[in-house]
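Both complexes below contain chain A, partnered by chain B and then by chain C.
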Partner chain A sequence: MVQPRKPKLAVWKFASCDGCQLSLLDCEDELLAVAGAVDIANFPEASRAVAKGPYDLSLVEGSITTPHDAERIHKIRRNSKYLITIGACATAGGIQALRNFQDVREFISIVYAHPEYIESLKKSTPIAEHVFVDFELRGCPINKMQLVEVISAFLNGRNPNTPRHSVCMECKMRGAVCVMTARGIPCLGPVTQAGCGALCPAYNRGCYGCFGPMETPNTPSLSKWWKKLGANDPDLVRAFRGFNAYAEEFRRESEAHEVR
Partner chain B sequence: MTSQIKSPPLKNCPKTVIDRAGLDCLFDSLRVRGFTVVGPTVRDGAIIYDNLGSTNDLPMGWTDEQEAGSYRLKKRSDKALFGYTVGPHSWKKYLFPPRQRLWMAKRQGRSFSIENNDPPENSKFAFIGVRSCELHAIGIQDRVFIGDKFIDPVYKSRREQAFIVAVNCGQAGGACFCASMNTGPKAESGFDLALTEILNRKSPYFVVEVGSAAGAEVMGDIPQRQLAEKDEQAAEAVVAGATSQMGRAMEVEGIRELLPDNPDHPRWEEVAKRCLSCANCTMACPTCFCSTVEDTTDLTGDHAERWKRWDSCFTMDFSYIHGGFVRQETKSRYRHWITHKLSTWHNQFGSSGCVGCGRCITWCPVGIDITEEVGAIRASLS
Partner chain C sequence: MKSGKKKKKTKNNNGNRRRRIKVNYMARVEGEGGLDIRIRNDRVTDVKLRIFEPPRFFEAFLRDRMFTEAPDITARICGICPIAYQMSSVHAMENALGLSIGGPIRELRRLIYCGEWIESHVLHVAMLHAPDFLGYQDAIAMAKDHPDIVKNALQLKKIGNDLVTLLGGREIHPINVRVGGFYRVPAKSEFKEIREKLNWALETAVGMVRWTGTLPFPDFEQDYVFVSLRHPQEYPFCEGRLVSNNGLDIAIDEFPQHFEESHVEHSTSLHCLKKDSGNYFVGPQARYSLNFDRLTPLAQEEALKAGLAKTCRNPFQSIIVRCVETLWAVQEAIRIIDNYEMPDSPAVELEPRAATGHGCSEAPRGILYHRYRINDQGLIEDAEIIPPTSQNQATIENDLREMIPKFIHLEDEKLKWQCEQAVRNYDPCISCSCHFLRLNLDRDGAVVSLP
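And then the complex of A and B:
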């Protein structure tokens, strides 16, 4: 019997820290199964070997920050049957999207000896602002089990189980005690999408919003309660300007608390 | 209300008295009988329910202060073991676990086989410190899961094996309103044993009420003394104290009509401005029973599993049907939840879905108060 051709998987990097693609290497127990199920055609973190496209599945990490990258992502899209973005950079612009609230030319003039060599876009933007994206996997970094779930879903032609409800549901399901209610610690959990397994609240810290806005985030109501707990406007700006600062709902909330 | 799926309740509940050593004995006796003893213990700034090694794990000398959106653990001036109200956990996590694998399937050539069901894990629990509102909540979930044509086998197995040691409340919290829901603070039925903790200067002791044959059998192992009239009076005073302290009240008169008759009340818009649709209220509620199923495969596609997990009417997916989400606005989700809980639950299951424990009030991250929301709609109409 002829073995069916294995799907070709490619991993691409844009402006990012590599942490999300490292999640794939971090899969350890599942990594052999991944390697068995797909042909890893391009994955610079794992191997220098590069197989030519087209690719059945492209995992894209990082945001678009340069004119060159804005071109490159179109080539990748043309060469990919499915394109899945992974991580806060690729899905929301990442921490580097903090530049979107400032004038990036001023930064360049301070940081670089020869700013004239630097070609940088005014804004750091998610991949979906440039090309059609089949699925966005959230997180800073992504949860490796969710990554395996998404790849499994792709390979088996089904929908992935990556719920868009709040972190609170994960907190309650694991029996963690609410840090905001029991300790008065400001927490972004109620407006943040699940996926991390409520990691920070389970260790008595407030949620940082790594997985971005949940499906229906009521950020103004949460901000009001944070103020009752003692947070001020600059605190709120900082809280919403984290790894998902440029995600629409978080961006609007941080701007609402900016003191001009 | 509580279904009688275990040994039938005893006609005239015999009462007796045990001390702290007797309570130690009770724990041992339950363990010898194969029960995993679970109950209140202090962890992460709250009194939660977890495995108990001995009575030393009980929250001795601790209490809680609760308000809308706020819970604080506080030291007591005495050595009470049960001197708190209810915390973030409820017994539903044991009877209706947050995640369960329903079955798994394996590919076999061109066919597949259903594996499972998992061998029943150690799920013979003795619950220590079940409050009256919680007994009622268990009764309500009994009605939902095993009280009709379709039986939840996991719930049934866990419920039938459970041994329940109730504790009568000696105080009420800021979010408590069981008195107005007629669900407490005294445990009336649905327990194997019910304790009333009497705090005297030396060491707390317990008046024990035996509620079932299983309870009587366990009590056979425990050193005890006869109940004196002063013990009985002390126990009555304990419960009377809790009744007088209710932090809140729910006016239930006409509530079955009040909510469904006002679907367009402006209060729904108002509460939606505050509601985070985070689902904390439904997770903390001891009667909320909704779940969803997730199908998953491994990378090879040779192995598939179906999991059941807690779900909430506050999520978008909950109301998804082909083509879209039925309850898109937070307004309609909050209205649905509270109307079901307090009104249409009667039509569906023959009782209210609320037991007045106050968890949804305390554990709402922005302090939305179910009694206040009902009160606001009621007040606007009068």
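And then the complex of A and C:
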């Protein structure tokens, strides 16, 4: 009997910290099992060996910030049956998307006296602004168990189970006391997508939005609550301009509080 | 084999032999870099560690952020060593505010750093570096022939991650570190489970030192300038003086007077050089060679038994040094946990003031320097970050220039792999090294500095 071909997995990096692909190597208990179930065809952080495409599943980390990368992502898309972005950089532009809010010409004049040495686009953009993306896995960093879930979902032809509700739900599920109502600590949990397990509230601090906006977040209402707790407009701008600053709902809310 | 790699061996009209070794995309390192080496008549004429990791401009967008945000933001420079960024930034901010934190909070900071060293070192030793010595493309292929080594390493790495997770909330970009301390400190009882695992970790770490001591090492020693922190009593993490084996002995805040960055065309990461003596070497091998007497007796004994001298000048042996430091970190973690008493408060309250602060800590890959100027509102006005890999770049290139003649007889494919291994000796973290704002441009010998 012919053995079924193992699906080919590829991991690609754009502008990022490497943390999301490291999540795969951090699956210490699952790594050898995953490596047994798939053919790791391109994963430079882990292996010298590279197999040619096409690939069954491409995991893409990082945002597009250079003209070269804006081309490279199209080649990857053409060579991939499914393309999944992993993390806040690939999904929302990442922390480096803070450049998108600067006066770009002024910014470039500070940084680049000799632009011929370094090529950089004016904006840091998510992968989905360039090519079709089959699934976006959120988080800064991603949750490694969600990564295992998404990989196995795609390899088995089903939808991944990654909830889009808010961090508040996770607080309730783990029995964490609400830091906002009980302790008056401003928290982005009510508008941030679940996925981390409500880590920050469990450690007595407010959520700072690693997983980006939840489905239909009510950011203006949350901003009003923050102001009742003493936050001012610059505080709100900084809060929404974090690792998912360029995600649409967070971007709109930060712009609403910008002092012009 | 890796696609996109080119090798050329040509003869020109004069009978000169030209070879070009090109690695378009370095594997088993963190971040995006390549290697370009030119050889003519068996002489190395050019070596370039090309770094094309796109710059992300951290120093630029740190401006106008609150001083309290620096540990969370700078952690995102590197997913492999976020604790290093958090530790250097909190120490720099506390330095600006005239604060020095001792007691259990200081011990917990050392403990979370132990976790990161264990996780990062074991990742590099077993997953990224060991396959070179044994001729495998990766650790997964290596695991088929050496299953126990890879499985034990993964479990040891996991214990490092468990320490970071227990104290930091998660292993990558932990959320619990803040300027002044932590958001939440654990009760002593929370260490019970990990304390038991650390006994196994100690045994396994000793085994790894012994195993790496048996690997084949090329005969290659260099007369390096090592730079690291040195503390009066401890193996260094976040405090002490910056010292070298050629006479440097300065306080952390004197760093800018003794080191300078320059920009070369082939790298989006600045090269950092010592002003009086040029290129230098930071990381485990430098720490070990400058602080051997600060290791525990067991770590010293195992190091010598594994074949290391008290000063290690062979960069290929860095794999043993990483295991020795892992062993030390496991022992240090045990010491801290056994002596731990929960502090009354998880953090010291802070009032911002206009000041400049410097911080330097020993990231797994070497010294990581941060400088911040903040105003009386606590907003960052200016930031400078110098990661270990930008400090080692010039030394890596130098190693290649010195090493290649010894291996010039190898065919191109083998020589290329040998060169890759020499780069991986440094565990370069390219994601880290590339995020500058200031630009020093060196062209035809004329250096242009820009703010």
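By our rule, the second predicted complex is superposed on the first by the 247 of 260 C-alpha atoms of A that agree within 3 Å, B and C clash if a C-alpha of one lies under 4 Å from a C-alpha of the other, contacts with A are read in each partner's own complex, and residues count from 1 in each chain.
Quick note on the criterion: contacts are C-beta pairs under 8 Å (C-beta built on N, C-alpha and C of every residue); 3 or more make two chains touch, one makes a residue touch a chain.
Since this is a predicted model, take the numbers as computed values, not measurements.
> Under the stated touch criterion, which partner chain does A:Tyr55 make contact with: chain B (first), chain C (second), both, or neither?
neither
> One more residue to check, A:Gly19. First (chain B), second (chain C), both or neither?
So A:Gly19 only meets chain C here.
> Does the superposition put A:Asn204 against chain B (first), chain C (second), both, or neither?
In the superposition, A:Asn204 contacts both chain B and chain C.
> If we overlay the two complexes on their shared chain A, which of chain B and chain C does A:Tyr246 touch? Say first, second, both or neither.
Neither partner.
> Scan A:Asn156 for contacts with chain B and chain C and give back first, second, both or neither.
first
> May I ask you to decide whether A:Glu45 touches chain B, chain C, both, or neither, giving the answer as first, second, both or neither?
Second partner only.
> For A:His165, decide between first (touching chain B), second (touching chain C), both and neither.
first
> Tell me the contact category for A:Val177 with respect to chain B and chain C: first, second, both or neither.
A:Val177 contacts chain B only, not chain C.
> In the three-chain superposition, say which chain, chain B or chain C, touches more residues of chain A.
Tallying touched residues of chain A, the top partner is C.
> Once the complexes are superposed, what residues of chain A are shared between the chain B interface and the chain C interface?
On chain A, the overlap between the chain B and chain C contacts is residues 204.
> If you look only at chain C, which of its residues touch chain A in the complex?
Against chain A, the touching part of chain C is residues 1-3, 25-32, 53-58, 60-61, 65-66, 69, 72-73, 76-80, 82, 123, 127-128, 131, 137-141, 143, 150-151, 154-155, 157-158, 161, 169-173, 175-176, 178, 183-184, 263, 265, 268, 346, 417, 420, 429, 431, 437, 439, 441, 448, 450-451.
> If you look only at chain A, which of its residues touch chain B in the complex?
Going by the criterion above, the answer is residues 30, 33-34, 36-37, 148-149, 151-153, 155-156, 158, 161, 163-166, 168-169, 172-178, 180-184, 187, 189-191, 204, 214-218, 220-222, 224-225.
> Please name which positions on chain A make contact with chain C in the complex.
Going through chain A, the ones touching chain C are 13-20, 22-23, 25-26, 28-29, 31-32, 35, 40, 43-50, 52, 65-66, 69, 94-96, 98-99, 102, 107, 110-114, 117-118, 120, 124, 140-141, 196, 199-200, 202-205, 208, 210, 238, 243.
> For the complex, which residues does chain B have touching chain A?
Residue positions touching the partner: 43-46, 48, 69-73, 88-89, 93, 98-99, 273-280, 283-284, 294-301, 309-310, 312, 314-317, 330, 362-363, 365-367.
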